[in-house]
Amino acid sequence: MSAPTAVRPTEDELQAQFDATIAADRRIEPRDWMPEKYRAGLVRQIAQHAHSEIIGMQPEGDWLLKAPSLRRKAVLLAKVQDEAGHGMYLYSAAETLGADRADLTDKLVNGKQKYSSIFNYPTLTYADCGVIGWLVDGAAICNQVPLCRSSYGPYARAMIRVCKEESFHQRQGYELLMTMMRGTPEQRAMVQDAVDRWWWPSLMMFGPPDDDSPNSAQSMAWGVKRHSNDELRQRFVDMSVPQAQALGVTLPDPELALDETTGRYRFGQIDWTEFKQVISGNGPCNEERITRRRAARDDNAWVTEAATAYAAKHAAR
Amino acid sequence: PADLGAYCLMLGDDALVLCQRLTEWATRAPELEEEVAIANCGLDLLGQARLLLARAGSCGVLGRSREHATDSIPDEDALAYFRDPDEFVNHHLAEADGGDFAQTMVRLLVASTARLALVAHLRGSRDPVLSAIAAKGVPELTYHRDHAARWVLRLGDGTEESHRRAQAGVDAVWPLTADLFTATDVERRLVEQGVAVDPADTRDEVRDVLTMVVERATLTVPDWPADRPSPGRAGEHTDELAPLLATLQGLAREHPAATW
Amino acid sequence: MSAPTAVRPTEDELQAQFDATIAADRRIEPRDWMPEKYRAGLVRQIAQHAHSEIIGMQPEGDWLLKAPSLRRKAVLLAKVQDEAGHGMYLYSAAETLGADRADLTDKLVNGKQKYSSIFNYPTLTYADCGVIGWLVDGAAICNQVPLCRSSYGPYARAMIRVCKEESFHQRQGYELLMTMMRGTPEQRAMVQDAVDRWWWPSLMMFGPPDDDSPNSAQSMAWGVKRHSNDELRQRFVDMSVPQAQALGVTLPDPELALDETTGRYRFGQIDWTEFKQVISGNGPCNEERITRRRAARDDNAWVTEAATAYAAKHAAR
Amino acid sequence: PADLGAYCLMLGDDALVLCQRLTEWATRAPELEEEVAIANCGLDLLGQARLLLARAGSCGVLGRSREHATDSIPDEDALAYFRDPDEFVNHHLAEADGGDFAQTMVRLLVASTARLALVAHLRGSRDPVLSAIAAKGVPELTYHRDHAARWVLRLGDGTEESHRRAQAGVDAVWPLTADLFTATDVERRLVEQGVAVDPADTRDEVRDVLTMVVERATLTVPDWPADRPSPGRAGEHTDELAPLLATLQGLAREHPAATW
């Protein structure tokens, strides 16, 4: 018996198969053929997301040592730990596409890859930890829930776990704010101040308006992205206004009002100039965030080298 | 019950202060995996501290903390946030500055080995709360010790630089073991009642474990220091504790009437 | 000089003036002429609203003696007090239309006038106090905010004050639930159970669906009512879903889902048979609520008589 | 501080128990206006009780309550919800069943007149917290007394039935004034220190006010009972207190680990 002739499919056939998978809303898995641009786009998106988790540990991490009760300290420590975990899953998902984690980290600390610009704002009081949970994690969830249906399997699966944990964090943040609102006048003022500072940056987390978002169309066609920036932003506003009311805080937008015809909330104009400034590295804390991460890599390089050397010796024996 | 409360405070303060030191690494460890592991150890210690401080409070051992903390603040927080340094009774081992990653892991190895030996025996305590806290602590501390031991092995037997740093860490931490094995009067009274464990009884076991790990890590075991009564247990501390507590307590003390 | 001839306007002229006031969205005041049906409809609506405040004191009043902390006891006592106050303003507003408070009370205790059917459900655990604040007061606010622009001046002004206080109650109810959700497993279970029992009745508070609501058209034309039942109900659902998420409870409706096109929430079919049963007096607590109120009137009739007799004596002297 | 705590407890318990009795009328009073007024009085008394119980707790006077209440429960609630009847130290005047509306108003008149006389003098207490609580209480209690007096006038001088009921109320409440004017040992010690007020010093003033109101209401002032040491202040109560406390405390005791 002769071995069956291996029929090697042509590039066109592979492309057709890929298109059919996407069209049927089925998932692409690591062993499947995929267009180079799809792969590159995904690596960029997943890496950016992973970087955001890692950099996102810092604004709250600053408060780990200063949390005002042991219970809040435990909650915050568990949250920061979850974020490190999210970073790990996401880098793993990127590695299934052939990326290398050390290389991605280099790109982060050299400013070659971006992370969510929201983390370039400072955390001034403990209320910021609550508002980051409520608004920033809330916006992240609005962005990420559709990614649980991403066309790329490992990414979609990572996102399911991430979203579940994020929504737990969101509730804890909101609960902190609720507790503070029930506390002293100073605590209430801290909450309002934090909401005033984080509201607009949270709206910016959904990215530029649809008419100025160049990569969106291709991402939506490939089933990597599922909703337009503006639609997700609107959804976030619709969700946050009732939560703000229940909390008893004012959102810093005089134009915010229920549109009686559509039942959705109109809101004011976002300052896209600020957004572009922060995204292009001129936010209040960009330098600090990257420096901390670079230091973690560089100051501990000897540890990584030691671990590698040890592994090599003991594999050799 | 005052003795029992004081004893819970000793064990609780060791956990709380070491947790604070470890947490300094939570967003600047060498690897993501290590940040997760450090947060894990921190959470375990924090959990032990909370149970022990609450137990101390329910025994009425609150020191001067209630003069500052308002009623709405639970005992665990009154004790953690509203005691001054001279009311803290942790060993110097917990409060010492962390140094580099190697020294941090050596300290974690020593602290978790000593605490594990103690807590393993405490499972048999006549006090049911203490014995339950101990039973919960044993697997946690076993993980901390093994995690730290793995790093000491890798660093001791890794590169030349890491060997040098690991040996420096061992040399820096070893003298602090002098405080670990002499019982206070409180402990002695509780040992007689079958409530506490005499730390002297754990000395050989602790030294054996540490010697084995350090030797396998190709490092030199320094001379063991002579045992002495722990100054920390008497409220006497190094200059390193006050700034640690200032960070820990600052926000809570700024808002004594707040609830969080 | 002779006195100026008083020109008495005809009924048609008065009607035209009334219509013009309504059309211009200005307010009708007590001294203004108004069509008899407008007056009667308003009296019916305001009385029903006042009765609802008074009967509404009972479900929570049951817990006044049993509140589980002194702080919650104070909050609840203040709330029940506010409700009595609301009843007072609203009866006063009805009196500006020529109604008599004692007569309206008689109609209530004789079952001749209705009150909101929501108060015919029992309060089984302390979580019910929180859920009544969150959902029932929340639904009431959705219904009542548009009434602050009612065409009848005294009613509109009463509603402004009522709404302000209600929204304070809503926040306190929500805050209680938040605190309970942070408590023991039993407390969390109580909250979920209360939400399960009150969700559907809250949706019924907006009245029958638009295609089955006979009085609505005229009320809307007169500017007494401003939005259709279904629109207000939808608004309430859109507001409550994000609040439920922040709280960490499930709403008992498997069909509840975000409509991705409209951005609003679809929800399941309301059991209008139950609604009609409760409204027509067969709810779990209708008898009990009315009986308590009748007893307050009858058992204390001697007090009222004494007060009248005393006032008469001392006016006469 | 133990004496001060015990004294705060007496005044706090009177307010708390009377608040509970008043609240029974909150949704079944003769008029809406009256429901608002009763809720007002209840809220004032509750506010006084909370301040006084918290003060008692901060003096360390918690009795056996902390054996049942968990740490997360503040002192005011531990004292209100987790003491048994024999640890309550209110006068019988506060705990007596309310009777009808007339008797309720007579009791409110008597209780607020006596408390006002005491609290007005307490504004001069050497204890700054007590004096602040007293200063806050004076206008509140003046309102309660005047409100109750207006009803006693209207009922006494209203219809035949209301007169009969008002007289019955006066006759039922009067004997309870026997307990109001004899200082306990705690009070005597605190009077010497300028912290407390001797209730005997308020007797004439209280009797004068009550006599005037009752006479103007065309009612008969009964004979004043002979003063006696208050059994309530010693933890001895009528059968009416236990059911009142069972209602007040039931839910909180069912869930001792809960926070509300």
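To keep things simple, chains are lettered A, B, C and D as they appear, and every chain counts its residues starting from 1.
Everything that follows uses one rule, which is that contacts are C-beta pairs under 8 Å (C-beta built on N, C-alpha and C of every residue); 3 or more make two chains touch, one makes a residue touch a chain.
For clarity, every value in this text was computed on a predicted model and none was experimentally measured.
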Quiz prompt | Chains contacting each of chain A and chain C, listed by label | solution = none
Quiz item: To get from chain A to chain D along touching chains, fewest steps?
Solution: 2
Practice problem: Could you work out which chain's C-alpha centre is the most distant one from the centre of chain D? | Solution: A
Quiz prompt | Whole-Å gap between the CA centroids of chain B and chain D | solution = 51
Practice problem: List the centre-to-centre spacing of chain A and chain B in whole Å, with centres computed as mean CA coordinates. | Solution: 36
Quiz prompt | Gap in Å, rounded to a whole number, between the CA centres of chain C and chain B | solution = 59
Practice problem: Spell out, as numbers or ranges, the residues of chain B touching 2 or more other chains. | Solution: 74, 76
Exercise. Return the residues of chain A touching two or more other chains; collapse runs of consecutive numbers into ranges.
Key: 179, 182
Quiz item: Chain adjacency by touch: line, ring, star, complete or other shape?
Solution: ring
Quiz item: What are all the chain pairs that meet the touch criterion?
Solution: A-B, A-C, B-D, C-D
Practice problem: Please give the residue numbers of chain C that touch chain A in the complex, ascending. | Solution: 134, 167, 170-171, 174-175, 178-179, 181-182, 227, 231, 234-235, 238-243, 245-248, 258, 260, 262-264
Self-check item: Residue numbers on chain C that touch chain D, as the complex places them
Solution: 54, 57-58, 61, 64-74, 77-78, 80-81, 84-85, 87-88, 91, 126, 176, 179-180, 182-184, 186-187, 292, 295-296, 299-300, 302-311, 313
Practice problem: Would you pull the chain B residues touching chain A in the complex into a rising list? | Solution: 16, 20, 23-24, 26-33, 35-36, 39-40, 42-43, 46-47, 49-50, 53, 73-74, 76-77, 80-81, 101-102, 153-155, 157-159, 161-162, 165, 247-248, 250-252, 255, 257-260
Quiz item: Which positions of chain D touch chain B when the two form their complex?
Solution: 54, 57-58, 66, 71-72, 74-76
